[in-house]
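For reference, chains read A, B, C, D and E in written order, and residue numbers begin at 1 within each chain.
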Amino acid sequence: MNGKLAQWLAQGLAKALLPALVGALALGTWEAAIRLFDVPPYIVPAPSRIATALVRDWPILGPALAFTLEIAALSLLAAVLGGGALALLFARSPLIARSLFPYAIILQVTPIVAVAPLIIIWVDNTVAALLICAWIVAFFPILSNTTLGLNSADRNLAELFRLYGATRGQTLIHLRLPSALPYFLAGLRISGGLALIGAVVAEFVAGAGGHESGLAYRILEAGYRLDIPRMFAALALISLAGIAIYALLAGLSHLLLRHWHESALPREE
Amino acid sequence: MNGKLAQWLAQGLAKALLPALVGALALGTWEAAIRLFDVPPYIVPAPSRIATALVRDWPILGPALAFTLEIAALSLLAAVLGGGALALLFARSPLIARSLFPYAIILQVTPIVAVAPLIIIWVDNTVAALLICAWIVAFFPILSNTTLGLNSADRNLAELFRLYGATRGQTLIHLRLPSALPYFLAGLRISGGLALIGAVVAEFVAGAGGHESGLAYRILEAGYRLDIPRMFAALALISLAGIAIYALLAGLSHLLLRHWHESALPREE
Amino acid sequence: MRPGEFLSLVGPSGCGKSTALRLIAGLIPPSDGQVRWDGGERPRPGDIGFVFQEPTLMPWARVLANVTLPLRLARLARAEAEARARDALALVGLEGFERAFPRELSGGMRMRVSIARALVMRPRLLLMDEPFAALDEITRLKLNDDLLALWAERGLAIVFVTHSVYESVYLSNRIAIMAARPGRIVAELPVVAPYPRAAGFRHGATYGAACAEVSAALGRAMAA
Amino acid sequence: MRPGEFLSLVGPSGCGKSTALRLIAGLIPPSDGQVRWDGGERPRPGDIGFVFQEPTLMPWARVLANVTLPLRLARLARAEAEARARDALALVGLEGFERAFPRELSGGMRMRVSIARALVMRPRLLLMDEPFAALDEITRLKLNDDLLALWAERGLAIVFVTHSVYESVYLSNRIAIMAARPGRIVAELPVVAPYPRAAGFRHGATYGAACAEVSAALGRAMAA
Amino acid sequence: DDKVVIGTDWRAEAEHGGIYQAFAKGIYKQHHLDVEIRQGGPNLNQAQLLAAGRYDFAVSSNSFEPLNFVKNGVPIVAVAAAFQKDPQVLIAHAGSGLDRLEKMKGKPILISAASRENFWQFLKVRYGFTDDQIRPYTFNLAPFLADKSAIMQGYLTSEPYAIELASGEKPLTILLADQGYRSYGAMIAATQATIEKKPDVVQRMVDATILGWISYLNEDPSAANALIKRDNPEMTDAIIAHAIAGMKQYGIVQSGDATTLGVGAMSDARWQEFFAFTAEAGIYPKDLPYRKGYTLRFVNHKLGLAQ
């Protein structure tokens, strides 16, 4: 078991090494280009300056990151619940699906930058307004993919369930939900990132009231102050958070699918 | 043949009837509520006023819609090409996938509202800047879903291809692409809406220079002028465009999958 | 078809045997005519067991969960469901594979899981679509006998699709021969021999004659 | 295994027959030991034809496209590929189904498409995993004879997995009997009878004796 | 005390100094007002929030806004104008020689979407600027700094100093108010309903705010500045000091009518002049009852002139 763990860790490291190398290369080129062409930091800062800003401004950026992540996590949760529940409703009856799907699309294509001011007027609580905005951004991939997945259950298995007199609920739990799982998880991986940018964009346009503020406010603030290294540091934090969220969700996918789904089986190359 | 066509049309009508009814009901309630509570149009306009604005301002809104749709269509095309090509690259070698995927995620979670000003600095052409912004928003679902689809090819079929000495290219064309098609199309349906809001949001934050301007500018303009009915008319146009894009892409999906994929087969209820 | 009967369906590939089973099970509506039930009442869920031509297992569930499925759908207590599933798995020779996933099994083993799933429910009517085609001779013979024992013990009715004339004769008391395009029953042959049919039955004259007769009828059906 | 040989593999379900075929085809690496090729050279693509235990068709492609697949992979001209595919489909009795999709076919028909796909390539080594299990007796016998004719005509080597002792004896000049856990060959029996084996062969004494012998060996293998 | 909420038009800055000073110095309290200041931001629509009843007063940035209210039937009225001059400027690099509006004709200019709806119209009508000169401005200075020939819009009290801080260069700035742009700035707006039902509250609010402005520009502003910095951490003492100096130097608050009628002054003549240009530009119909957009009832009382 211990040897296996060590092997697994070694493999994981090897897997992480390559992207890290590519990253190092990219950052190196960037740094060199900045120095070579003497680009002023307020146009594009060098990675070293961004790193310095990240460390120096951590007392400001850290809490901002925490706030943004909180909004992102909550809205992803809401997207999972909302998108999932809607998908279930749609799967339950094509009639409902046909009647309501156009309205789900309306929500998806509603540009939050345009409706944020309206949402602020209708919802008094800023955090709630942020959540609504981020949710609007994040829920559609989950809805769309899960609906597809629920309708992709194997026909023969579905017949088997009918034969054994499975209730709708049972068919859902034992057949359609497992069939939808890979699709749902693919949607989740997309929505994870969207929830994060949803949280950021929502704060950009709706603004965080009072003292609580997230990375968007710090980016705006740094932008107005022309503290571009800090702005890039905040952007870097968003990127890192995005990668972390994706890795987490991909790990979850693997865990749930590894025994049976093609996409999670080991590939030979 | 003619009878079949008529039947098909009748079915299509019946299918469209229900959502239309729901829509009519929602709009009716809205109109009634506005009239009942005497809500002034600059807070929330009644549907009738929005419709009036839509007709009255069509000379302004029509060209704006055309511009926005053009940006959305171009960026969706770029997302299909870019996301598709990247997915192919990733499918070709897990090594490349592992090295570059984190950077694709970075692109996805980059809030365009934050980087739009930078893009404007780097790209002199405003339309090109808009395209880049909308592309950033739209490409990830295609990349993510297509990558998943390419890796979901049936293992036994893959063995068959290996056995018959299929080259990578042949395996791709005859096996992996068809397997990925349902996933790609699901991604496309998500990206279609995202390209549209990408185009709108990009114009919001990056702004359209000069004479060419899209719906975002019209929304902002209407907002500043407090011409809220026109603002809602522009939002309604975006919604309708989103539904049209989705319907188009869903139709395409059905056309491509109807013979063989579970999700496109007729369902009995 | 009478209750307690063992009917075999044989016929050329693609003649509609699987479709006939689906019709009986009510999974597809007849395009013409109707399926009649004695006493007018349709069978309740759980009354019909079905072994599809393909294993049709849930890829995400382990063998045990696949076999207990009908019982869980009927809201049986978990412990009892698992006990019965283990019995059924033992019957088809798959003890020890309870925790395997379908994709870790060989083709024949998957089919046996599917058979175990149909048996676990104690149905009154069992529809089996080439259940033993992927099994070796010896397992097949053993399962033939097990099936007959079960049939005798529980008094159920069985419709059995097979391509093996020998199997059909050994098992059933009536054989329907189908022909293709359009799919229809072209001949019905009773097999008059008492149960239990001992191993010796296979070497008896009745058996040989019946087999020859069925083969001939099949030949005619294919030529039709 | 010699070139031009017809080897049958029989053995209990789950003993590793399919796995053995995959090993030979080079689809999975041996965990221990190795697969040796005469003259040291590995076969080129197209040299091996494989009929999997499951039909393994492309659901998005019509029957004709499924059958022409190996030819298109070998970059044959379309017209010739289709002509050959039509011949192969005719051989398995599926003329007229060229434009059907796999899901519109019955189980046996799908398997026949899979067989046609393996034959269309004119391989030097043909690996067949229970190809005829889902077919009716008469089609099966016809395909048995067709296969033998092909084998004689093209001088190819065939490894044939079957559960039918009769089929294995009728077809092959060597029969390997496998046992399970661990999967291994426990007996090898030559079938000494000249080809072409006429229909009468099935009723001859050699045939009966060989069948009995294989059945016995199989029984021992299962007990092992 | 009467509880009132006032929404500003941007995040807290020296341009809201009078309001913060009135709050910090207890001037509102003396007028029996319990005031809550809500700062604005790039996407908050003050007028809508005011119309929706979420605010009692709002800061209105330029003279277009009251005209928009009239045109769209929104019952909001400007009751005082803290800025006699709208601090809107155009900025060019020091060495570019672009020191007059005439020279900027035909050149690309960074203009925000909002500004296209106000002073840009003035530049089009009076100076012959055209829409194809517009490059998007997103309140980020980098595009300007990156391009030595760039021109951008700005607020007298903010962008020029930010550019100076970033690049060490003191840019050329042209105050549009000195070039014939007759918009008021930092107006206080109230709903028609408030004016009719609680005119005394409006009057007290106007008076206290006017006194706040006088105090902010002529006495110690540090109490207000502390509040501004609390609400908007990006503000520093240097930025604020620079802004106050600018407001004084250019007479943003205390010039023109304000010197004779008191801070906050408005006049029919000036509204008429402003409306004439907008109607000429085709922005508003010539028969727009523009007088509904403002009232002189609460100002021009020479409040504080004795000092």
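The rule we apply is simple: a contact is a pair of C-beta atoms (placed from the backbone, for glycine too) under 8 Å apart; a residue touches a chain by one contact, two chains touch by 3 or more.
Protein names from UniProt, one per chain: A, B = ABC transporter permease; C, D = Nitrate/sulfonate/bicarbonate ABC transporter ATP-binding protein.
This is a predicted model, so every value here is computed, not measured.
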item: Set of chains adjacent to chain C and to chain E; value: A
item: Best-connected chain pair, where connection means C-beta pairs in contact; value: A-B
item: Centre-to-centre distance between chain D and chain B (centres being mean Cα positions), rounded to whole Å; value: 49
item: Gap in Å, rounded to a whole number, between the CA centres of chain E and chain A; value: 40
item: Set of chain A residues in contact with two or more other chains; value: 43, 113, 117, 121, 154, 204-205, 223, 261
item: Contacts with 2+ other chains: residues of chain C; value: 54
item: Numbers and ranges of chain E residues touching at least 2 other chains; value: 45, 48, 52, 140, 142, 146
item: In contact (per the touch rule at the top): chain pairs; value: A-B, A-C, A-E, B-D, B-E, C-D
item: Residue numbers on chain C that touch chain D, as the complex places them; value: 10-14, 16-19, 53-54, 93, 105-109, 112, 129-130, 133-140, 163-165, 215, 218-219, 222
item: Contacting residues of chain E [partner chain A, same complex]; value: 41-45, 48-49, 52, 54, 139-142, 145-146, 162, 165-167, 233-234
item: Contacting residues of chain A [partner chain C, same complex]; value: 154, 156-157, 159-166, 170, 174-175, 178, 181, 259-261
item: Chain B to chain E touching residues, read off their complex; value: 40-43, 116-118, 120-121, 126, 204-211, 217, 220-221, 223-228
item: Residues of chain D touching chain B in the complex; value: 22, 25-27, 44-46, 48, 50, 52, 54, 56, 58-61, 69-70, 72-74, 101-103, 121
